[in-house]
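The structure is given below, and queries will be raised subsequently.
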Amino acid sequence: MEALVASAIGMMTAAGVYLMLRQRTFPVIVGLTLLTYAVNVFLFTSGRLATNVPAIYGEGAPGYADPLPQALVLTAIVISFGMTAVIVMMALGAFLEAGHDKVDMNDDDTPANGGQK
Amino acid sequence: MLRRLFPHPLLSILLFATWMLLVNGFKIGSLVMALILAIVIPKLTAPYWPNRPPLRNIPAFAGYVLLVMWDIVKANIEVARIVLFMRNENIRSGWVAVPIDLKTPEAITILAGTITMTPGTVTSDMSSCGRVLLIHALHAPDPDSIVHDIKTRYEARLKRIFE
Amino acid sequence: MMSHWIAAPVLLPAIMGALIVLLMRNDLLLQRVFSLVASFALLAVSLALLIAASTEAPEVYRLGDWPAPFGIVLVLDRLSAMMVLLTAVLAVCVLLYTIGTNWDARGRHFHALFQFQLMGICGAFLTGDAFNLFVFFEVLLIASYGLMIHAGGKDRLRAGVQYVAFNLVGSSLFLFALAAIYSITGTLNIADLAVKAAALSEGDAALFRVAAVMLMMVFAIKGALVPLQFWLPGTYSNAPGPVAALFAVMTKIGAYSVIRFGVLVLPPSHPITGTLIADLMLPAALLTLIIGALGILGATTLSRLAAFAAVASMGTAFIAISAFTPASISAALYYIVHSTLAGAALFLIVDLVVDRRAHDSLRDALPPIAQAGLISALFMVSAIATAGMPPLSGFIGKLLVLDALRDSAALIWSVILVTSLIMIVGFARAGSTLFWKAHASAPEGDAPHHPAQALAFVAVGLLLAGLVGLTVLAGPVIDWIEGTSAGLFDTSAYINANQLPEVK
Amino acid sequence: MDQIVEYFLAALLVIGGVFAIVGSFGLLKLPTTMQRLHAPTKATTIGVGSALISSMLYFWFFEGTLSWHELMITLFLFLTAPITANFIAKAQLHLAVKPEDLPPSGVGTAWATFDPEVESVSPTLIRDRAPD
Amino acid sequence: MILNYALDFAFLCFGLGLAMNLYRVFRAPGVPDRILALDTMVINVLALIVLYGVRTGSGVNFEAALLFAMTGFVSTVAYCKFVLRGDIIE
Amino acid sequence: MSLALIAALPFLGALLPGLMIRAGKNACALVTGSVTALALLMLGLNAPAVLRGEVVQTRIEWIPSLGLNANFFLDGLGLLFAGLILGIGLLIILYARFYLAKSDPMGQFYTYLMLFQGAMVGIVLSDNILLLLVFWELTSLSSFLLIGYWKHLPEGRQGARMALTVTGGGGLAMIAGMLILGNIAGSYDLSVILQNKEAIQASDWYLPALILILLGCFTKSAQFPFHFWLPHAMAAPTPVSAYLHSATMVKAGLFLMARMWPVLSGTPEWFYIVATTGLITMVMAAKIALFKDDLKALLAFSTVSHLGLITMLLGFGTAEAATVAVFHIINHATFKAALFMSAGIVDHEAHTRDLKRLGGLRTLMPITFTIVTIASLSMAGIPPLNGFLSKELMLEEAAHTAWMANPWLIGVLATIGALFSVAYSFRFIAHAFLGPVRSDYPAKPHDPGFGLWAAPALLACLVILIGLFPMLTAAWLVNAAASAVTGAPVAVKITHWHGLYAPALWMSLAAIGGGLMALGLHPRLMALWTATPRPEAKRIFDGLMEPFATLAGRIANGLHDGALTRYIAIGTLAIAAVCYYAFDTGTHAIGTRDLMPVPPVPALGWLSLVLATLAIVIFHRNRLLTLVLVGIVGLMVSVGFAYFSAPDLALTQISVEVATIILMLLALNFLPKATPVESAPLRRTWDGAIAVIAGVGIAALAYALMTRDPAFQAISDFHITNSKPGGGGTNIVNVILVDFRGYDTFGEIIVLGIAALVIFALTEALLRAGPANDRLLAWKPDQRRAGDRHPMMLVVATRVILPIALMVGFFIFLRGHNEPGGGFIAGLIVAIALVMQYMASGFAWTAARQKVDYHALIACGVLIAAATGIGAWFNGLPFLTSAFGYFTIWPLEEFELATALLFDIGVFLTVLGAVMLALASLSRIGLRAGETVNTQPFDIDPSEGRTLNSEEAR
């Protein structure tokens, strides 16, 4: 199972990185989202994998999954949600201001340096 | 007084029941909480439900629910038969326009939902005057019987319940 | 005795930010007043904390009253106190400037975001927990995203998207690193991490080394270390002037974190990581300085010049840090204080210029600007400080760095000195184009009218006065910083303050 | 008693499983989108419903806890399935069906999905046009 | 005992159903089909969660199942509304 | 203390001109002059002691730990230079008062001048080489300002930059040299360093230090090959040229060589570098001076030549030669400053300094002519003037010094240099003043007022006095200074006649004769000179600097050109490479944890996840489809969390995922619906390779970590043990979130709140007048739109679902502390429920019916969380310390109340407010783009049998 989870993390990371290397804001944001998934699962696995042992007190519970990474992932999910929301809006704003959604500024109509502010 | 506390009594009952379903246990504390929520939440959401129609005939409604549940079972067997045993080229799908007499949105919605959940039909659209439903029938060699079924089996009952 | 004041640099701006949003978001005047009051209060608190930290051992504040390493702790030591004070000083100046130039009226929520930004920065400096550092990095980053695109505009938004995207990669890397660290050591408290990392077995070495470099590269992104510096010029040059000035302390958070972890958790004497960090950091830092210097010389706009100056200053700071000796760290700390003030002043002055011109190109001669004399004098002073020319603190900082790195002098000295020359030439070219060449294209005394903005000049003056103070009082300041550095290297003080349980 | 309950639950599970697979199989097998829409809307819903009810009964009889959540989920699914189907059908109408392929409504008005009048007539024309 | 076999059978059915949905998501003539497949997928996953709860005798994931039902519905409507109108909260 | 004050006075004085200029130019000059005079006076007060052989010291600690202290000392050498700087400075201030035009900002000029003066005084009084470096670079900076004083002149700007580049660069080299020197000597104090000759000269670092320090000296003193900046610095006003480029700054290099003479000289390296450089400079610059028509250029190269002469003398390394050098420094300062000022007078009066346009001024400007003649003759080395005296001594030294065992080379070259010197000196007189009066001067020349000629006249008097009575007027000063240079008492004997056997006599005669001959042949030589191609310094400098600056710009701007995709590619590769290196150089033990089995259904989940991810990559150009596929990934991740014992995470993940997709759908409405194919296959392959590297690396790391046990007991054991007894909750994850690590959560909700504020502020910015607003106003949907916006079925269903969903949210909130759930998830559930309502009836319709201030929600949430934490202070406990208790109120059962619940309310409110504010902002954008607000919950009302509002619309 560990190999499956690790490969899934790797797959999401690779897809995320590939999309982040695209030239439009939308795929870049989707790539970031995928990377976020990968990160969250990776962080989650730092408590190792365990089934059927949720970190909730119960009589005769065989044990508890490491709750700390879970709490950390929860925090990370929330934070990345905020970040994603912001970058989505910023990408929208940039598109509305510029009329296109290119990520790179070097092949824009105005030069990146020496351009007007 | 009661009217002001429970502007939507049925909704309040539904919510009361929902809370008790959620908490999974029968405690006085839960009852109190359920009561509070059954008052507060309808008050909060009342602005989103203007012109609430009165439910005139509650026993009839219960009967309707039972009828529909039975029809759902039938519908599923019917659909399973078509999916599993009928050759695709023999399936005679088609669109059917069902004129309706119901006027209350709630009643129409229940009718539309019933149509979707029952044999081989899916409510797909409504005419822009709100008088006709567009229905897709999975296997309808005889579209007129579908219209007839709907009008007699469901619409008539709903009319009694709501109007 | 645990002093609640340790939490004040975080709570004060957090609460003020929330109050501004709640009560005065439609009244700019009230926002200004309360934002200023909060910033001055932060200054006072951080000054008091600095005084307390100077005389006492590191003090730990256990949030939620949970003992370390199980809860989150704040740690006040000389280093964190110093960085918080630096932040507060900068905050006051930047805020005065913002008010003086009405920048805060050009968009919404400037003051709330500003306060939250301060909260994030102070939180990052004070925390004694690795994951909490991540959280506060995110707080300061997201506030910085808002400030960076304050007032909007095409280029700013597009640069903003890049800034956010690149930093989100950094945040991801941070989490990868933290996950690996927790996975190996089972802890997040920095002091505990220091103890446990030193006791790791050989079998964990390779993985821990990976975790260590990942963590350091996160800080390298914040600190704009080559090859992770790319985000900086576009961001800083497109950010509103006062925001770029405030950002002067943001890169220092990267440097701070490298120092904190590099000295406490991953010192060169570490059995597993050894000089791995130092070996990788030095060439990167040298390249950073070179890139920064080349950027200053080749800058096409004034704001890009200032941005590359920020890159160069980080290069210098990281060169000093990479040696990880008490002397080099004190040199780095002095230089960090200096370059924060100098960088901020430069960005504010750039903003004064840009505000008075159609654009800030260095290629074309433009007519003279209003208040040219005063602004050119300010520019000159900040250029001297930034390039590290005498007599200002930049020179002293560089001398300290050179002096601390005498063991590998040939390469490092030549890079620092040659880049200094390049920077001097770059600033001279820019300054003469801006302020002298302007007079060639328009008759003297024909400067366009522009409101004087006294408060803005006061803010710049305060920053430059800070540099002068840092120069004149260099003796005591450096003594104090050397004490700080010595305290950092006496890692047991920091670790003991956490009162960790026995390692099982 | 337990035996009977067990058989009953097993039957419920099997029925649920069969309906579920019918629903998903229909999604594969049926040739047109509108036909495919029928299968999961009905079969999967009841399949899941069976599984949920069996779960509820299982906990009631074998664990001694009456868990009503499954009932809630079931009701929720029954409540939402028609809406889902309606929306997917509308989407399909909008994207892939020509109005002339549909029967007339018989009362002279178009189907809502195709009637631009609905939009142009219904709003109260609060158009936010002035830049602040 | 029989219950265990039935449970296995149910797992198999819902699992196969999931696999078929997956296929339909990737091979579909249009977006509505994919939305439908995803919606069905959510329901199948929800069922699997509940079955897993029966297998392990734990009700800890029932809220998750409830939430899956809710979010599945909302996202399906959102996708459709996007196809229909572009703006989903106009 | 007094020495520090002398150095500080000019700096303090620099503040005055700016203030006094309002009181008039005279007041300004007077004040500036008074300050200088005061400093000079204070210097004079110290002079007797110095002349007695004492060393006056002032020590002020500045940065003791660095060894950089404000230590000053005054010996003979310092006295000589300080006297020159302040004395000539005083004259320059006087001269400049009358020289500067009305439009020149005089306050600025005096400020710069005083800054420079202070820096110079600082150099010569420093007893600390780091302090000296400070002053050294300050002279470069202040001279930059002075040279560029006439802003409108491009030559001024370029000359200033060139001077700064060369002298500043030399100064930086010198920093390195000085640091080495200080390291060898163990102190940066000059007085200590001067005692360490043996150690320094024996060190391996001697030669590098020597070269680096000499680089500083040579650049400052314009020695070959760094001489080229000096003539371009002549764009400065003449007082500046006279002061900086003849009397003071250029002599700083000489001063330093003299200062370091005791420890650095006497080695072959010193001799060959210093003497040779000096010799070459002397001859070459003298030759160039002969062919300069611009008076100031002539004088500039003459200065270079004389500096070379002095350098050469210092390079000889003998006490005698050093003494002569000191003497010539004095003499050169007197006649050269006089000449510069006179050249300035000519320029001032005739409006030209071009020798070709001058001539015949003798009768028009008799006073100036007299001054120039005296000074020029001295420069030429004509007896009995002071220049003659030192030149004779120089030639004598040159004649007795061998170069590479060649006894006559230096002598011959020195004579040739002297010959040129004679020639250009006479040319100055002859071509400017002699000959017929011309009719085509640009302005009618006449002698200026007393104010302008007083200073040069005074200097000319000195030239004569020193020439006639050297022992009386100069010997004492030479003795004192030379003693300081050589470190041994010197008693110089200066005479006009050295006897017939002195080689200097004949060399001198040859020089004078040859010089006159050269002057006679000047037109022909000039033609030859003009015909000879030679490198032009400025062109070479620009030819180096401009391409370098361009290259620097190319590199820096090329690398930072805004190509984010390249930034990320480089960053990713760098991270991967460094991680690989770190792993490869460490030892790794393969993990031994038992692996978990792979049941078929989870394997299916894995497959779904992987396939969906792959499909995203393949189909990413279809943006809506991408979002559908992201939905699958999110679904699988959250179900994975549920499977691996993390119910809270499953809840959070699925709700966040839906919220994210809704936000992205809302944004996508305005964005293009498809991504064009833009990158070439090669680029895509390359990107794919980077992606695979990153993915494989992370997967390998994850696998390696997961299969190993932690090295230590994880801290979470504490959380598991203390969750209920200490935190009062059975859901350990929730207790960690709101209690053990509640501070993280506090930060986290603030992140979310800030995100919403940012989105709000950004929306406001977009909706202001501007391109974005224009685009929105002109916005047309890019896809065909269905007829009805708010289908009735959804609206009706929502009327029931919304209350239930709200209740579920409340339920999830309440139970969070003990079961999966909590404030965050509850906030999102309520938000999603409201989204459902928005989708059903539209945002504006819904929002209008329940006025909630989202800003206030966020702020209150944060404040409640903060207040809960602060509440602990009143019990003397730290921030966020929780409390919980069990209560009974009849008829209810016992229930638990925890402050953590209050904290969670804060979390709930912030989350809800943040999501709502973000949606509200997006909705505003939609309204601006032309969307309309409905007044009815759905479009078609069957009860009326017609579309709604048709009445109103008509």
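Letters A, B, C, D, E and F mark the chains in the order given here, with residues in each chain numbered from 1 onward.
Throughout what follows, a contact is a pair of C-beta atoms (placed from the backbone, for glycine too) under 8 Å apart; a residue touches a chain by one contact, two chains touch by 3 or more.
Please read all numbers here as calculations on a predicted model, not as lab measurements.
Can you give the shortest number of steps from subunit B to subunit E, where adjacent chains in the path must touch?
2
Using the touch definition from the top, list the chains contacting both subunit B and subunit F.
Touching subunit B and subunit F alike, sorted by label: D.
Would you mind telling me which chain pair, A-E or A-F, is linked by more contacting C-beta pairs?
A-F
By CA centroid distance, what chain is farthest from subunit A?
It is B.
Relative to subunit F, which chain's C-alpha centre is the most remote?
Ranked by distance of C-alpha centres from subunit F, the top chain is B.
Taking each chain's centre as its mean C-alpha position, how far apart are subunit E and subunit F in Å?
Chain centroid spacing, subunit E to subunit F, equals 60 Å.
Quick one: subunit C and subunit E, Cα centre-to-centre, how many Å?
Computed from C-alpha means, the inter-chain centre distance equals 49 Å.
Calculate how many whole Å lie between the centre of subunit B and the centre of subunit C, each centre taken as the average of the chain's C-alpha atoms.
62
When the centre of a chain is set as the mean of its C-alpha atoms, what distance in Å lies between subunit A and subunit D?
31
Multi-chain contacts in subunit D: which residues touch at least two other chains?
18, 25, 37, 45, 65, 67, 69, 72, 76, 79-80, 82-83, 86-87, 90, 92-94, 110-113, 115, 117-118
At which residue positions does subunit C touch at least two other chains?
131, 135, 138, 142, 145-146, 149, 152-154, 157-159, 161-162, 165, 169, 176, 179-180, 182-183, 188, 234, 300, 304
Give the residues of subunit F that touch two or more other chains, as numbers and ranges in rising order.
557, 560, 562, 564, 566, 568, 572, 627, 643, 647, 668, 698, 705-706, 714-716, 719, 740-741, 744, 748, 751, 754-755, 758, 762, 764-766, 768, 770-772, 785-789, 791, 793-794, 797, 800, 804, 808, 819-820, 922, 931, 940, 947, in rising order.
Report the complete set of touching chain pairs.
A-C, A-E, A-F, B-D, B-F, C-F, D-E, D-F, E-F
Quick one: which bits of subunit D touch subunit B in the complex? Just the residue numbers, please.
Residues 18-19, 22, 25-26, 29-32, 34-35, 37-39, 41-43, 45-46, 65-69, 71-72, 78-79, 81-83, 85-86, 89-90, 92-93, 101-113, 115, 117-118 of subunit D touch subunit B in their complex.
Sort out for me which residues of subunit F touch subunit B in the complex.
787-788, 791-793, 795-800, 802-804, 806-808, 810-811, 837, 841, 846, 849-850, 891-893, 895, 937-938, 940-947
Considering only the defined contacts, which subunit B positions touch subunit D in the complex?
Counting only subunit B, the residues touching subunit D are 18, 20-22, 24, 72-73, 75-76, 79-80, 83-84, 88, 91, 93, 95-97, 99, 112-117, 120, 122-129, 131-132, 134, 136, 138.
So in the complex, the part of subunit F that touches subunit A is made up of which residues?
Result: residues 557, 560-566, 568-569, 572, 593, 595-598, 602-603, 606, 609-610, 613-614, 616-617, 620, 623, 626-627, 630, 633-634, 637, 640-641, 643-649, 652-653, 656, 659-660, 663-664, 667-668, 670-672, 675-676, 678-679, 687-688, 690-692, 694-700, 702-703, 705-707, 709, 714-716, 719-720, 723-724, 730-733, 736-737, 740-741, 744-745, 748-749, 751-752, 754-756, 758-759, 762-763, 765-766, 770-772, 775-776, 818-820, 824, 911, 914, 918, 921-922, 925 of subunit F touch subunit A.
Show me the residue ranges of subunit D that touch subunit F in the complex, using the header's touch definition.
Contact set of subunit D toward subunit F: 76, 79-80, 82-83, 86-87, 90, 93-94, 110-119, 121-129, 131-132.
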